[in-house]
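One structure is given below, represented as structure tokens, and several questions about it will come after.
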Amino acid sequence: MNLSGELVLAAILVIPALGAGVLALVADDRKGAWLNVFISFLTFCCALALLLERPASGPFLIVDDLNAVFVIISTLVAFTTSVFSASYIAHELDTGHLTHAFLRFYHAMYQMLMFGMNLALLSNNIGLMWVAVELATLTTVVMVGIYRTPAALEAAWKYFLLGSVGIALALFGTILVYLAARAVVGEGLDAMAWDVLVANASGFDPAFLNLAFVFLLLGYGTKVGLVPLHAWLPDAHAEGPTPISAVLSGLLLNVALFAVLRFKSIMSANPAALAPGPLMVTLGLASVVFAALMLYRRQDIKRLFAYSSIEHMGIITFAFGMGGPLANFAGLLHMALHSLTKSAIFFCVGHIAQVKGTQRMADIRGLTVSHPTLGWSLGLGVLAIAGLPPMGLFMTEFLIITSTFARAPVLAIVLGVSLLIGLGALLLRLNGLAFGDPDGRSNPSKASYLPIGMHLALVFAAGIWLPPALVAWFQYVAALLS
Amino acid sequence: MITPLAFDVAHLFAGSLVLVSFMLLYQDRMTGLVNTFALHALVVSFSVAWQAYIQQAPHLYITAAIALGIKAIVIPVVLHRMIVRLGIHRTIEPVVGVGLTMLAGIGLIALSIMVMLPITAQAGTLAREDLAFALSVILLGLLMMISRRNAVSQVIGFMSIENGLILAATGAKGMPLVVEISVAFSILVALIVIGIFLFRIRERFETVDIHLLHEHRGEQP
Amino acid sequence: MMADLFVQFCEMLVVLGLAPLLAGYVRTLKARLVGRRGPPLLQPYRDLLRLIRKEVVLADSASWLFRAAPYIVFAATWVAAALVPTFATGLLFNYAADMIAIVALLASARFMLALAGLDVGTSFGGIGSSREMMIASLAEPAMVMVVFTLSLLAGSTQLSSIAAFMQGPGVGLRVSLAMALVALIMVAIAENARIPVDNPATHLELTMVHEAMIIEYSGRHLALIELASFVKLLLYISIIGCVFAPWGIAVAGQGLEAYLVGLAVYVVKLAVAGLLLALFETAIAKMRVFRYSDFLGSALMLGVLATLLLFVSRIA
């Protein structure tokens, strides 16, 4: 359509890819860290430009209202995480957890991960998207193992194994979708393009689509961390560097969920095919119930919030599974707010683990006394993630439950009770972490509070007032999905 | 339209692939396992080459060559070296017995045939049998990853899954080049992963037995 | 009708006549392969004659079963062999019985032998019988799976129809057939007590199976059992030959020439099979008893796989 749109689109992909190359060459640690921030910021600006300029969809790339939301959230959190990462990594270097060579590798991988995620979100080709999601997953595998401690290696290995199971199932599903489309669209690239697939889905063989969707849901569901396939998630979050935990929870899970959504829309476009909703509702609800119960027994602070991520991914999957404009709207908003909140919490947790020198919750007490800013930020974040008013997540959870009540009261009650159980666990833990007498080791904190503050402010604001333009946009996308 | 002979040869290769997958499950020695995997890759490359020939899709020859060169030759040689250097050519300890694994394998094959056949009735005979066999190979690979607790066996299980995916992708006639890119890409990944993980695990634990890793879970108080 | 009967009669005589020769041939070949001169080719005939002339020595504890078993075993095996088209199809009995009947006849022969092994109450007989049953419990299902595969393909359980189908154009390259062949060979090795499952030439108590079962037999009883085991070996080779190398088998109604050609081809097939068997047995070592289940288990798996894969193949 217009040249500038194409340019913006290209920039979102090229900047991180080039950045990865450049960062691999930068020897100075501080320069590398700030260059990383700068590159992430540039990418974010380009993503914002998508609001103004929308390029026409090609055979490989597409920008529509759905993925624009994801891209903007993704690049925003990537930018703030890179700011956090700069201060976090400096401390890791001081304590000798990471060497210079590994740090260069880390920064290059960070941008590579961004590239993979942006490509997955923007691709108009189911094969390309598969490659991109795999690229993103494998980069995170390497990042999770970067500390090279036994626990980190175990986590990375587990992640790799379960991830590869996901790889296999998702690719098989992708091939099946292509075969279903080939009969209608004909051979070639068209049979793998989103827009073509959705437009022609009504003519596809429903049996093929059903089988394909089962594989895709299980395959990408592994990466979302839905419950029977979640085993990698807590380990990967707990053992990797905290910025990676933030990116994993805040972004990569969303990207995998986005893939499921794309395929869901193909399924919905075919009236004869299996309704994808019940499957997603089942997996989502199972995740919520399981994670809510598991929250009580956690002893490691990063694991605690990893299980909370499983819970929230379950909520979002549940919402999209229920379908309908309201639930979709709530699911979308919940996803955005969860990304912001969870990454803010991981920023806090990262600094806390650094100042206390441990991730064991039993050894962390009285943070509001010893490190007031960190402690209260964590408190706010936990209140937000637990779904207490007036934070934004309360509103979305409320919307999901009320919209479910009208259609399936039993499900709504189960969901509500699980959320309350999860809330209890989180508040219990928060009480131990934030209040009481501080003890144990305590270093002065050199945290950068900017990303934390910004995220929490956004979440807080969303709970009180949403800009009408944003609401209209999300409603439009939600209508597209249902 | 394909001739019966073309179909029979394709069927022969695909069926042999399932058989070799089964042999992978049955192996109880490291070297035997690696050699069987080389055979697996060899069969897959023949199968892909045959598909390239009957579909008149020359780009598939590249996939076949990659499978042959890297998976059937380079990776087995590297793995053999690694096994000798790490001194792990002892018996593999499976998590469950071989008999049970074989029974489960038969069940999985029956399952995949039952799932795929009715669905793919009108997808063309070639795609039909290729998909059923590919699903069997994938499921057998998963079974192998589950039933072995040794890092090398798990990597081999993963690569056999990839072979199954290649079979499925080439059976889907006219699938765009994306698949070939992704296949080459995943081979690269397999190499990286082997390199990084085995050496790191070795460096830390003097063994590649994943079972020993479980003691280091962060949950223990 | 009369012609069929005549052919059937000839076939039974040929089988009976050739079986000891085949055994002697394999023995001689094996001896030559390891550099010994070995017994003369006709030694099995002499052994049989010698045994028949000898007195029967019975254990005190032997019942009528022990005495009846050799006859039943021999009869069952011989009838089974009569059902296999060796040099000609269109045998009279062929219409009455099929591959499943062959399997059943062999199973009942084996059952009788195992009972006889237990009858006397010696530990050797008992061990032999129990091992034989262990082998049978895996070998028979494997055999049945092979039969399934073949009959699904050919649309019939009659060996003559299967042979006709295998000669026809509808066969093609089938992975199922290859698997069935391998499974059948493995079953044949186990059933005939050949290396690596059992060693027909040894009386080492730790490893023997077949010989342990019949250790109490003597005289004409032993002769019958020996002859039955020769016939069984011939029978399995004939099955493999008629299914997987069905060339040259005379079809009913053809002239005398066709039958003579069929006979000559059959003898050549036996010679080749005997050579392969001797080579195989010389090249491979006997496996431990605990590994039998692995060996036969893989035969069973192959059989099951062959059947399963058949469902995905081109409909013939």
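Letters A, B and C mark the chains in the order given here, with residues in each chain numbered from 1 onward.
FYI, contacts are C-beta pairs under 8 Å (C-beta built on N, C-alpha and C of every residue); 3 or more make two chains touch, one makes a residue touch a chain.
Keep in mind the model is a prediction, meaning the values are calculated, not measured.
Relative to chain C, the chain whose mean Cα position lies farthest away is A.
A simple rule picks the central chain: find each chain's mean C-alpha point, then take the one closest to the mean of all protein C-alpha atoms, which gives B. Of the two chain pairs examined here, A-B and B-C, the one linked by more C-beta pairs in contact is A-B.
Each chain gets a centre from the mean of its Cα atoms; for chain A and chain C, those two points are 66 Å apart.
In this assembly, the C-alpha centroid of chain A lies 31 Å from the C-alpha centroid of chain B. Per-chain CA centroids place chain B at a distance of 38 Å from chain C.
The set of chain A residues touching two or more other chains is empty.
Partner chain B is touched in their complex by these residues of chain C: 172-176, 178-179, 293-294, 297-298, 301-302, 304-305, 308-309, 311-314. Chain B meets chain C in the complex at residues 4-5, 7-9, 11-12, 14-16, 18-19, 22, 26, 98-99, 102, 105-106, 109-110, 113, 117, 125, 128-129, 132-133. Looking at the complex, you find that chain A touches chain B at residues 125, 127-128, 130-131, 134-135, 138, 141-142, 145, 148-151, 153-154, 156-157, 160-161, 164-165, 167-169, 171-172, 175-176, 178-179, 182-183, 187-189, 191-192, 205, 207-208, 210-211, 235, 238-239, 299-300, 303, 359, 362.
The part of chain B that touches chain A in the complex is made up of residues 115-116, 118-120, 122-123, 127, 131, 134-135, 138, 141-142, 145, 151, 154, 158, 161-162, 164-165, 168-169, 172-176, 178-179, 181-182, 185-186, 189, 192-193, 196-197, 200-201, 204-205, 210, 213-214, 216-219, 221.
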